[in-house]
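The data blocks that follow each hold one structure.
Look for chain A in each of the two complexes below; its partner is chain B in the first and chain C in the second.
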Partner chain A sequence: MNQRNARRPAAVTSWVLPALFLMLLLGVWQLAASTGFLADRLGLEEFLVPAPVEIAEVLWKDRSLIADNAWVTLIEVVVGFLIALVLGLATATLLHLSDLLRRASYPLVVASQTIPIIVIAPVLVVWFGYGIGPKLAVVALICFFPITVNTLDGLQSVDRDKVKMMRTLWASRRQVFTRVEVPTALPYAFSGAKIAVAVAVIGAIFGEWAGADRGLGYLMLQDNAQLMTARLFASVFVLSAIAISLFALVAVLERRLLRWR
Partner chain B sequence: MTATLSGRRLGHSFGSVTALDGFDFEVSGGKTVAVVGPSGCGKSTLLELVCGLREPDTGLIEVAGQTPAPGRLAHCAYMPQQDCLLPWYSAIDNASLALRNQGSSRPSARRQAGDLFREFGLAGFERSLPHELSGGMRQRVAFLRTFLSGKDVLLLDEPFAALDAITRAELQEWLLPALADGSRTVLLVTHDVEEALYLADSVLVMSARPGRVLERIESPRDPSRSRSEQVTAVGFTSLRERILGLLTSPAPATDRPLAGRNSSRSSDPTGPIGPTGPIGGKG
Partner chain C sequence: MKKLALLCFALVAAVAVSACGTKSENVTPVREEFSVALDWYANPDHAGFFVAQDRGYFEDAGLDVSLDSPTDPSLPIKLVAAGKADLAISYEPEVLLARQQGLDVVSVATVVGVPLTSMIWLKESKIRNVAGLKGKTISTAGIPYQDAYLRTILERAGLSESDVKKVGVGQGLLPSIVSGRAQATLGPLWNIEGVDLKLSGQNPVINPVDQLGVPTYSELVLVANGSRVAEDPESIELFLKALERGTREAVAMPNMATETVIAANKALDRKTTAAQMRVTLPLLAQNNGEKPFGYMDTTRWQKFIDWAVEKDVLTAPQRAVDVLSNALLPTGRIDPG
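Then we have the complex of A and B:
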């Protein structure tokens, strides 16, 4: 969505600043929790309000349990995202090439985003069982919209003058598509993919909550029921790390592929 | 034998806006004809009609004997106002687009374009991306790209409009030999009267919308003299003033005979230079 050629801040400041800010937040949290201040104010037992250090300890102690479940969720996120990527790019291309199809089905694409995931996920479990199927469906559903809409916007935003120029240079419709329209749409598609990959983890968790026997979402439900708040937070931390890593991966790919920007 | 161009009684409208009405023109093979007119008079539309990107509502266009749009398109290379370089391709890949579109492999297309890079004063910038080039260089790449299409008709839409005055003069001087050697038939649209007189064999002066030809003026073009010598010659400047006079005088009512407008130069200085509505997207 952001198409401006904004100057990037120097590499150092781009990660030093967020890191410092994060450390500050963690420090405040550590102080507030370890002194019992937070639990006191909330009127809770102290073990329900874990401090960052406790979370880190649990993360280390239960690392193999968390890693096993994180692996399950990671697969769900990546495969679901890839399914949405293929379907989204194909849909955007089809809708771009056919005016009729676009006018007929664009509302449906929008409708796909209005489906309340929490409601649909249990239905998918009923349909597809406890396996990976419903999770992939939920992740793909949640990723489909930003990818499709952004890519379609990109394809439609092509500069008409460039197309005219290409047509007078012997270009076929296919060559106009591959040499002008696709490169024009690529930055948009990447914007969509970055949004999609960030929300994909939420989709995976919803999918697991509706019915699963493994995965980070499943583990969170278990820990919540057993009041193991510290490990719950550890799972949240790992989940964020997965989302941030995937986002960064897409961003790196984007910079590699869009060197002209 | 280079292609000839002609258009008879061309008319074209966009919705309720009439861009062209009863427009006649002819360019004989190997000649350059410039069209000057106020902004919004349908100049860009004219080029799109001629090269076959659009069909006129009325009238007939012939390019090298071809009247159907695909036949015209096969002869015409169109250079839009912006350089329209593709930002994702290097200069040489932009220049060789026509070759690639016709099925040449990338290495062979680059080889063909590479020789011309030196001729065009672009040596050393083959692998630069468009945003790394100056405005003048981008325009040279755009010309190179147009020339490499191998087409015998060039349709140039304000090719230097985006450049500063110094670069513009430089490029005009650089382009003139390519236009004057008679190997291509050129229709050049511009609102720069000096550019029209300097580059073209003859100049068509266009009225404000709906665009029609007010007068055809033969240019005193003399490629053997330098640009500054030419544009300051008395014959040149008087013609320039005359054309400017035609452009700034109020458009004659359609039922009034075109004759007599020469005397109307000083008549209404407040008269509109031309409506500036969106015609054909730009112009």
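Then we have the complex of A and C:
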């Protein structure tokens, strides 16, 4: 344990390096835009790919509009993810405990991943109306698969010898589950959660595109139609920031919980 | 070895002689590549284009034309501004918005010179007029200038935007009213989706927006890059001439027009397309009187621009003469017969 702590880089440097790299990329992009390289050589005019400085200006100018809509989308992402988390963990547990159920439903779990969101979102909107319901459903659908599959893999990966040992100590099924299987599966579950949280924003956007009157997806649709490309890109940046922050949050939680393990 | 060399020499000689022969007999003309970005998948609005292509009128004009369909209707005008497409089909309001954003685009011909966008509700909704929309849900495509249409329409009926619930559904306009989730929708085209609804037995009440108070405008126009129009307009002129030929032919032969469009888009249903074609062809014919095919009326465009400024669709006034150019139009006009 102490060895791991000693090799872990200090918290400060762990974000400094990516931040510097990001700034380098932005700098190159800004240079390419302002020297006309993007427009002249690559045919990427300003209204197709705005310069970072322009995006930053619009982000500041329209900050309250973007913030209001970002908040709506954030709620959809977080609540939808939590729904998927509960359903996913429950499903994984059930499929782990019942051999029969697992063999019957695992292919269906995989199939749930293949439903094109762009097809199912409008259907959900017709069923559930234009409130937050269909957006939550789409986000939950997109998050369900990684959480379930990863957690199930984790539960199934338990060392059989450990289970045997617990049995020799007269441990009950429940104790085997909570003392051995859950801790083993925890890192896998977190893996699944991290993947889910990163793609959840995509689900929220598709849900909004199918029927909404607020949200970043709704704003992006309007901005695309009005050729306000800079604000469109600004919304994309905010969306990415939301995804990255949620990802980091899950990663922090993971470190805390696993350290305790 | 000698025999082999002789054989090779004979082969080469034969090829050389035959090549000389073909050179003088079969000269394939060099056609200029010309790309047109349509606003949507092939449909009756594009009858003139596809008939002209099918009949070889573009080839006769020396153009190798490709008609492309993006899935995002706001993309074509960007392609033209970026020089990636020679012409784009776009909408009069979008041309104005593009110019406001600094895109160098100019409208060079009318394709459909009247509004097609409509507000539709179903008979079963018991709505009798716009005033009856108070408290109801109205679905839109989420396009800001169409929100301005909605505001204008509501104002004329004594309502304000806060009297209705507006929801953006992207491309789910028809499902929204058919499912009853919305009581009215603004955005479907009366000659395409309107006909679709009628044929499916839904009993729609269809109101083109210019009948509800929005000033008239051209729903579909052809847009070109501004510098291109100034410096190298010849191929565009040739294209428009060929387009006029194709449109004239389509207007005279509706069944042929339907077959041509269906051949270009296998996903279309024959019966529906034929019905849509019947109401669309007179629009494409553009009864312009003495004016050339594709003519754009500067006064009428200016009226629309002024309305757009008043409704905050545009942040600054524009001059219609800067936005459009009739200089590339063919001089003929179509007799709708």
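By our rule, the second predicted complex is superposed on the first by the 233 of 261 C-alpha atoms of A that agree within 3 Å, B and C clash if a C-alpha of one lies under 4 Å from a C-alpha of the other, contacts with A are read in each partner's own complex, and residues count from 1 in each chain.
In the analysis below, contacts are C-beta pairs under 8 Å (C-beta built on N, C-alpha and C of every residue); 3 or more make two chains touch, one makes a residue touch a chain.
Nothing here was measured: the structure is a model prediction, and the numbers come from that model.
In the superposition on chain A, contact of A:R179 is made with chain B only, not with chain C.
In the superposed model, A:S157 lies in contact with neither chain B nor chain C. In the superposition on chain A, contact of A:L48 is made with chain C only, not with chain B. By the touch criterion defined above, A:L221 reaches chain C but does not reach chain B. In the superposed model, A:W170 lies in contact with chain B only, and not with chain C. Note for the complex: chain C touches chain A at residues 72, 74, 77-78, 81-84, 94, 97-98, 101-103, 137, 139, 141-145, 165-172, 175-176, 179, 181.
Those residues of chain A that touch chain C in the shared complex are 43-48, 122, 125-126, 129-130, 209-213, 218, 221-222, 224-229. Residue ranges of chain A in contact with chain B, taken from their complex: 159-162, 164-172, 175, 179-180, 183, 258-261. Of all residues in chain B, those touching chain A in their complex are 48, 51, 53, 73, 76-82, 84, 86-88, 97-98, 100-102, 129-131, 145, 149, 151, 155, 281.
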